[in-house]
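Multiple structures are listed underneath, in structure tokens.
In the two assemblies presented below, subunit A is common to both, partnered first by subunit B and then by subunit C.
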Partner chain A sequence: MSGNLEIGISREDGDKAVAIMRLTGPLDANTQGTLEEKAREAIDGGAEYLLLDMSAVEYLGSAGMRAIHAITTMLSPDEPGMRSSRLRVVSPSPAAAKIFKTLGFDTFIDIHNNVDEAIASL
Partner chain B sequence: MTLLRRLIRATAQVMKVRAWAVDQDPAQSALPEDQDCGALARETLANTVSLTNNYVATTHNKTSMFASVFVGLLDTKTGALDYVNAGHEETYISGENGIRQTLTTTGPVLGIFAGASHDIASSTLEPGETLVLYTDGVPEATNASGEQFSEERLRSLLESSQGSARDLMKMIVCSVTDFTGDAPQHDDITMLASKRQAV
Partner chain C sequence: MVFKVVADLGQLSTIREFVTETATALGVDPAVFDDLRLAVDEAVTNVLTHGYDGSGDIELDVSADGSDLIIRLSDQAPPFDSTLTKSAGSRPPELKEKPGGFGLFLIERAMDKLVHRKLDNGNELTMIKCGVIGGSAASDTS
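Showing the complex of A and B:
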């Protein structure tokens, strides 16, 4: 799968510092580094929580899932191998949702229908 | 990937040695006398998957290393199959009337979720039926237009499959190759088929 992953980032700094990352394009071996880099920048910039809006992710490969796991480790380094309480996935596309379910990530990462619902869950 | 494969084999080997010891001296068995070897098979699967998953998830967590795994114990005399499908693609049992059963996931991928639980499922490979496994590189094989081979195309091949396991593999490989042409692939294309001889 080829193509670029575009990432738009906004902040919702109410009671909690939240970065919302809207992903557009394929999330695969070619683009996983981009996502990890942007997530690191957001966390270093003060974000305590990350929301990944994956409604426009047209392809999600295993490398992309590694990036998502790497982000949970960035957010919660003291919770290795466990559910991260600081990451939410929002509205995954059908292709992405299928991968989440098949690989079992849906059991460990909270998935929400929209951004408002995800923020309310923090 | 290599680490996971070696751990699975090593753990399963320990259980194989234990089974041999029990065979030599039934008094050593922790299993009730009225239970058959299926109980030992399921215990082997449970320990193999659990130990492998927890070791990698706690020791190599920062690498975000994981793998989907289908691991099963097939009794070649009876066709009884106990298995764990850890986040792997759907596995099929197909026969002369097409796909009879789809073996879906029984738990998440191995290597990143410490303490994850995996159910052990059971099935039977009947005489003349074939167990078909594949990696996601098969349905996601892409042609020059960016179109994927798809699970639908793969399933349609199994609906009409006849002959040996080797014949089936050749047919799928030819179909995938014809579809992709010279387009570069981003993943491995791996399959396994095991057919139980018809009586």
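Showing the complex of A and C:
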């Protein structure tokens, strides 16, 4: 089992500039920085919205949630209460979805079943 | 079964794998494997980032006590700051600019009992998951 997180990024530049980040591997304290770095690059590259496709994330822990929290702040630095409308999460595993709920992240981040549904919600 | 290693964050994946393999060998209900991996990952991460400066000796002892699973994590880091071992409470940590406390909050929800103990030259955290060995799990993992 690899401890690395691989991130593939594609763009959908229609009405809105969207970066779709497909994550493969664990999202833990060892890989948290990789996700934050790639998200920062996408935002600096012009992305206004980010989709995190988590269907191939084999493990999610609190460090991964801190990275996701950091991304909401990157996307909406002036938005009070860290409630980002510019981030969508797609297909987390049942274990990962449980962590979103346990930590209350499901109250301010929309979670979708697939990428098309997430894009349609923007 | 005991796993001793000079650990760093790059070994978290291997440590989670050890938990899965050991729990399987002990006949633990697979429905709680995610909880066990989460609790151990968070506990080891806390030791490495708060106790050590990123890397240090840890020992993970996973055993059965009747139908209960006992996971004992010991380290040789300076004694825990008591604020790090105090219960995280019933509500998720507040979301501020740099949120903290998520790890302990998740451990408390994943496991049934936690016992912290200061050793002469380190710390020991015992995490117990009740009623998960032999037959259907008695523990609520919903």
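Everything below uses one rule, namely that the second predicted complex is superposed on the first by the 119 of 122 C-alpha atoms of A that agree within 3 Å, B and C clash if a C-alpha of one lies under 4 Å from a C-alpha of the other, contacts with A are read in each partner's own complex, and residues count from 1 in each chain.
One rule holds for everything that comes next: contacts are C-beta pairs under 8 Å (C-beta built on N, C-alpha and C of every residue); 3 or more make two chains touch, one makes a residue touch a chain.
Because the structure is a prediction, the values reported are computed rather than measured.
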Fit or clash between subunit C and subunit B when superposed on subunit A: clash
Partner chain(s) touched by A:R66 [first = subunit B, second = subunit C, both, neither]: both
First, second, both or neither for A:A95, with subunit B first and subunit C second: second
First, second, both or neither for A:P26, with subunit B first and subunit C second: second
38-46, 74-82 or 146-154: stretch of subunit B that collides with subunit C: 146-154
Residues of subunit A contacting subunit B in one complex and subunit C in the other: 1, 28-29, 61-62, 65-66, 69, 73, 81-82, 102-104
Touching residues (chain side subunit A, partner subunit C) in the complex: 1-3, 26, 28-30, 59, 61-63, 65-66, 69, 73, 81-82, 95, 98-99, 102-104
Of subunit A, residues touching subunit B in the complex: 1, 28-29, 61-62, 65-67, 69-70, 73, 80-82, 102-105, 107-108
Subunit C residues touching subunit A - in the complex, by the definition given at the top: 9-14, 16-17, 34, 37-38, 41-42, 45, 48-49, 92-93, 95, 97-99, 102-103, 105-106, 109
In the complex, subunit B residues that touch subunit A: 57-58, 61-62, 64-66, 68, 86-89, 105, 107-109, 112-116, 136, 140, 142, 146, 186-187
